[in-house]
Amino acid sequence: MRQITLISTGGTIEKTYDEHAGTLSNRSSIVQEMLRLLRLEDTNINTLQLMQKDSLELTDADRARIVGAVRLLTGAEEEPTDCGGIVILHGTDTLCQTGEYLVGEIADPKIPIILTGAMRPFEMKRSDALQNLNEAIFATGILEPGVWVVAHGRALKFPGPIKDRQRGTFVSAT
Amino acid sequence: MRQITLISTGGTIEKTYDEHAGTLSNRSSIVQEMLRLLRLEDTNINTLQLMQKDSLELTDADRARIVGAVRLLTGAEEEPTDCGGIVILHGTDTLCQTGEYLVGEIADPKIPIILTGAMRPFEMKRSDALQNLNEAIFATGILEPGVWVVAHGRALKFPGPIKDRQRGTFVSAT
Amino acid sequence: MRQITLISTGGTIEKTYDEHAGTLSNRSSIVQEMLRLLRLEDTNINTLQLMQKDSLELTDADRARIVGAVRLLTGAEEEPTDCGGIVILHGTDTLCQTGEYLVGEIADPKIPIILTGAMRPFEMKRSDALQNLNEAIFATGILEPGVWVVAHGRALKFPGPIKDRQRGTFVSAT
Amino acid sequence: MRQITLISTGGTIEKTYDEHAGTLSNRSSIVQEMLRLLRLEDTNINTLQLMQKDSLELTDADRARIVGAVRLLTGAEEEPTDCGGIVILHGTDTLCQTGEYLVGEIADPKIPIILTGAMRPFEMKRSDALQNLNEAIFATGILEPGVWVVAHGRALKFPGPIKDRQRGTFVSAT
């Protein structure tokens, strides 16, 4: 049985609609609702709801908390945990900034650490949220250790990837 | 073959998501997309995309245009058209204001004139948009002539109905 | 608060998929699952799961049970119940046979008794199941007393309606 | 731009509902409809609709045609094509038989050849079809060359995997 941990930080992927205000925002994690729609065999998923923010509002302290959580989950070199992979739900606007920060802070990760997000909230029809979450969870069983962004059918390794705002996806910087 | 006309004015029901801006707003009518999901027999639906506004932004001139469109579609008393019913998609916040205005301006309607809207945009999962549109179209074949609001399983006749903001639906004023 | 009763007898609308057998059949009622997708105000729905059969397999005894349930729910003339309308989920193949039978057995119904079903099971995408259920429930608040079939945007009163197998809907016999 | 080819052979994943017959069966490929629901960047997918059969009805000749198609797409050792991966939609009942056959016939594949299918038809709600197709397409960019089955969050390499009929998934034979 594979053990993975899903860290939720917010972002468009988890924005929900408030009928009274008529607006979309990050209120509480909907990651359990998403996971119910996937059929995953031999996979045990722990979920850690770390924060619930639009990624444009993430502070340095928030990013430090993300790194702290990843460190805690992976354990020390001499004392690794049984966590086989980490998926981080994150707003796409500053996802790559967090990816670069993780690469800088965690020198030699022993497991795949995968960032993902969505261009349309999960709560909307035709959202890319469930697809990207599915790809990220699947990828934890296959990708080599390192920090990655997974979305829209592809995996890109940090350092390097950037968001292409025109196309609404992540691309390799060249 | 029943002839009905669907007038689109905007409102939450037709709000769509802009992936670049990350916001919901009224851009263009999605009424055709909604209609494709209904199976309607012996019903011919004309669609008139009159405006595309949040109902809080509707002006007196906008409401006059709605009345004008309804008059055009129903025809004069001596020269009725073949239109058997009118459905008006409208934001819920000022829907009842438009309903009262229609009652005041069109003294003795010969067909049902049905206002409807939604608390969640059609583009969201678990939206009440398609349900309310379905009920409104179905109601054109059954309700007696007059001005109505149809939503959430009920039909309420104007004058009278108001929006209950707490419950997120329309109720009879008492 | 409107009181209506939903009698479930099976039919295509409630067929579910068995992953081991790879077939669709009537196993248990899914009417609660359907009702969760509708937003109904001031409506209290009792559900009565009477049988779960393909309507081609309904016997005379089954139809007698349906009539018995309708009689029970409507009460006697001197002692009417608080039931304001009845919706019967039924396979489309023999729905009209049951409709004619109800008209023959219940001479002067005081409330609308509405039969409905679907051409595609609720469990399939693009099913007409939820639309027809929605229309039938909505219709209980509007239709005059009598026995009706409601589906695909229309209400047809018994005696008379037949299934048009080519078009996959109900039509008035002429 | 990654080039992959999707070979459609039928199976539960592509079964569609016939409203007149009231049954599910393999009629024509719905792979284009499935692909429209995925957002795939830098991926060009050719689709080859080879046959449309329940996998219990596949003959030796059918399996030989599948091998022939894979050979054609991968090219000879000296003349490889630009195809970077192959996904084969296949009924789950004999998927592993075809996987073993491919391993036996294609000694040293240069690209990942990935079989997938579904326990519930794509046309049904809560189907695993789109998830498995998504995982298989994603996996073409990451898995090492070889013959694989990908489904339910996992990739298993042939020879070896078998269908676990009780659990409704694929497992490693041990």
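Structure notes:
Just so it is clear, A, B, C and D label the chains in written order, and each chain counts residues from 1 on its own.
Criterion: contacts are C-beta pairs under 8 Å (C-beta built on N, C-alpha and C of every residue); 3 or more make two chains touch, one makes a residue touch a chain.
Not measured: the values here are computed from a predicted model.
Counted as hops between touching chains, the shortest connection from subunit B to subunit C is 1. Using CA-based centroids throughout, the chain positioned farthest away from subunit A is C. In whole angstrom, the spacing between the mean C-alpha positions of subunit A and subunit D is 28.
Between the CA-based centres of subunit B and subunit D the separation comes to 46 Å, rounded to the whole angstrom.
Computed centre separation for the pair subunit C/subunit D is 41 angstrom, with centres defined by C-alpha atoms.
For subunit D, the set of residues touching two or more other chains reads 119, 126. In summary, the structure contains touching chain pairs A-B, A-D, B-C, C-D. If you check the complex, the residues on subunit B that touch subunit A are 12, 17, 19-20, 22-24, 119-121, 123-126, 165, 168. Subunit B meets subunit C in the complex at residues 37-43, 119, 126, 128, 131, 134-135, 137-139, 141-143, 150, 152-155, 167, 169, 171.
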